[in-house]
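Sharing a structure, written as structure tokens. Questions coming.
So that you can tell them apart, the chains are marked A, B, C and D in the order they are listed, and the count of residues begins at 1 in each.
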Amino acid sequence: MGKGRLEAFSDGVLAIIITIMVLEMKVPHGVEIAALKPLFPVLLSYLLSFIYIGIYWNNHHHMLHAAKRVSGAVMWANLHLLFWLSLIPFVTGWMGENNFASVPTALYGVVLFLSAIAYWILQSVIVREHGGDTILAQTSKLKIRISPVLYVAAIVCAFYVEWLAGALYALVALMWLVPDRRIERALGEH
Amino acid sequence: MGKGRLEAFSDGVLAIIITIMVLEMKVPHGVEIAALKPLFPVLLSYLLSFIYIGIYWNNHHHMLHAAKRVSGAVMWANLHLLFWLSLIPFVTGWMGENNFASVPTALYGVVLFLSAIAYWILQSVIVREHGGDTILAQTSKLKIRISPVLYVAAIVCAFYVEWLAGALYALVALMWLVPDRRIERALGEH
Amino acid sequence: MGKGRLEAFSDGVLAIIITIMVLEMKVPHGVEIAALKPLFPVLLSYLLSFIYIGIYWNNHHHMLHAAKRVSGAVMWANLHLLFWLSLIPFVTGWMGENNFASVPTALYGVVLFLSAIAYWILQSVIVREHGGDTILAQTSKLKIRISPVLYVAAIVCAFYVEWLAGALYALVALMWLVPDRRIERALGEH
Amino acid sequence: MGKGRLEAFSDGVLAIIITIMVLEMKVPHGVEIAALKPLFPVLLSYLLSFIYIGIYWNNHHHMLHAAKRVSGAVMWANLHLLFWLSLIPFVTGWMGENNFASVPTALYGVVLFLSAIAYWILQSVIVREHGGDTILAQTSKLKIRISPVLYVAAIVCAFYVEWLAGALYALVALMWLVPDRRIERALGEH
């Protein structure tokens, strides 16, 4: 089974997720600069989620590049990941519209945590089908292990120091933005 | 006529359907965990429909893989299927927001039933154009015959025992999730 | 310049147009069958527009199949067509929600008329760049000439006998649904 | 790393941006021609933004055509561009619904300005990775330098003569609509 349609479908879903989030930024009624002020946290949460979806798309791209076959298991592990990512516009809107209040900020972390687990499952399925010695198995291990821990820390933080939870989400995003040179080099040699 | 654009268009429509359903989960006004409670049936119906669209996408993928040509008849049978599937976000929202009330739950089944018929028509058109002896004609016959019967049973149930209707929809989804090994093997040999 | 991206972009826009129209079907508040009654004209207008976008996608597919090169002129003629088609969800919603009232029904015809003109311009640009003797120049001439006339007739009708305007829109759609055998055969031989 | 998925993802995002803008044109409640009058500035701002997104898509197409490799830097420069472009539906809606009032019209220019900078960054990254002597480095230099200056002029204008700001946005769009023959010829020879 070709992986082209899996990529096309995932690209479509991710492109829609990243774009419909902006619909949460409702056009304000006033025409003064002050009318934009309540939108600032919404814009901030949109930016954060935009970067997260961008990271997932980027890594998804790399991961499937390494895969050769697409089985039914890969397809459903992929849909499972897309399900959690599709909830990001909802939690982004809730967090942004409520100025990073405790419960919405914690729920944002829960969805990020479950997305990370889903990504890890998808990667495990691909690695299992291609043998344990692939490029995938060697790289990003650290990032993949640390991220869920930081999400849990942020979820706990959200109930005590809200801004710290937000900072932790930004930190994880930054960590992933730094390119994993190894996978790029490995694929380049390939 | 190439089947590439038919696949691309169908992927696009299915990706949009699966993603805009999440827009029915309106961001709540409160910031307490309790504010999420009325969203639980909406999330549940979203999850169910997400799985259904995933199954349709997966099977659509398989079915077109087996097809070689795309005639005008195939194109319109495909659009007919997409029409009924495009109504799923509407019935999902109505069912979820009304806590699986009788009429919305029955209507959900009606749209699933009509989608199943449309899928069966599309398959028949492809089988007819490729001869009766293709891979398609041999497989999934049981599932395709049982599903509409179970949908009708669920529609009737919805007016007496609402939760049973929901359980039947989940059962059909589960039945389709179990991979049809025969088609995978047949295509693998091919 | 490759035509692949032009097709992909057009497919994307058409897939979104055909799917967001369903968002005009707002989930009703009641849970009785009666709550669906005011949605019936909305569903009817959605079905009509779904078929129209399907026809445009189908013909667009054929037309670009015949084209070899994509110049800047083709690209902008294509965007011009997509602009008018992107207004279809708006006029569909207005017509459907107002039970096929005169002005909305006439405006629906105006957008169909301008889309038809834009399609004719796109075809002319492609024919001009590939010489006057291509497959395109021979086919569908009648349909392309009659459609705008029928749209104008429907626009006038909308102010006197509203249902006749709707019937004329349905008639034009039906006329296009009947496959143009010549182009299929010509491409088949090709 | 292949550039196919980058193009597909960008096409998807641009197709969604160009189409969801039309959702800002809310279906009016009245059925008279007068009910459309307040929508006229919304339609005008939609048309302007439609042309802008069309120009960006067209140029993006050309630019990536000239690129051979897609590095992590290109990918993120591209996502950065898509981020600013994704804000265009928001500023388009704000400007259109408020009849081109000063602050919304200025903000529209700010987003266009930042999109232009993001486009320039993306181009610089591609040029740097392919050497300074590529097709890209020779062309459109004038347009790319003049556009941000005109955007700044329009932003200032918006606070004094609002219609002049709108006229300047239209002028920049027109300037880009005129095809850059050199790049077309260069690619044609190539």
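Just so it is clear, a residue touches a chain if its C-beta (ideal position, glycine included) is under 8 Å from a C-beta of that chain, and two chains touch if they have at least 3 such contacts.
All values reported here derive from a predicted model rather than from experimental measurement.
A.B. asks: Same or different, please, for the chain C to chain D contact, judged on whether over half of the interface numbers appear on both copies.
C.D. replies: Shared-number fraction below one half, so different.
A.B. asks: Please flag the chain sitting at the greatest distance from chain C, going by CA centroids.
C.D. replies: A
A.B. asks: Using the average of all C-alpha atoms in each chain as its centre, how far is it in Å between chain A and chain C?
C.D. replies: Chain centres of chain A and chain C, defined by C-alpha means, are spaced 37 Å apart.
A.B. asks: When the C-alpha atoms of chain A and chain D are each averaged to a single point, how far apart are the two points in Å?
C.D. replies: 26
A.B. asks: Quick one: which residues in chain C touch 2 or more of the other chains?
C.D. replies: In chain C, 8, 12, 15-16, 20, 23 touch at least two other chains.
A.B. asks: Which positions of chain B touch chain A when the two form their complex?
C.D. replies: Listed in rising order, the residues are 7-8, 11-12, 14-16, 18-20, 22-23, 25, 27-28, 31-33, 35-36, 47, 50, 54, 57-58, 61-62, 65, 177, 179, 184, 187.
A.B. asks: Show which residues of chain D lie in contact with chain A when the two form their complex.
C.D. replies: 1-2, 5, 8-9, 12-13, 15-17, 20, 23-24, 71-72, 75-76, 79, 82-83, 86-87, 89-90, 93-94, 97-98, 101-104, 107
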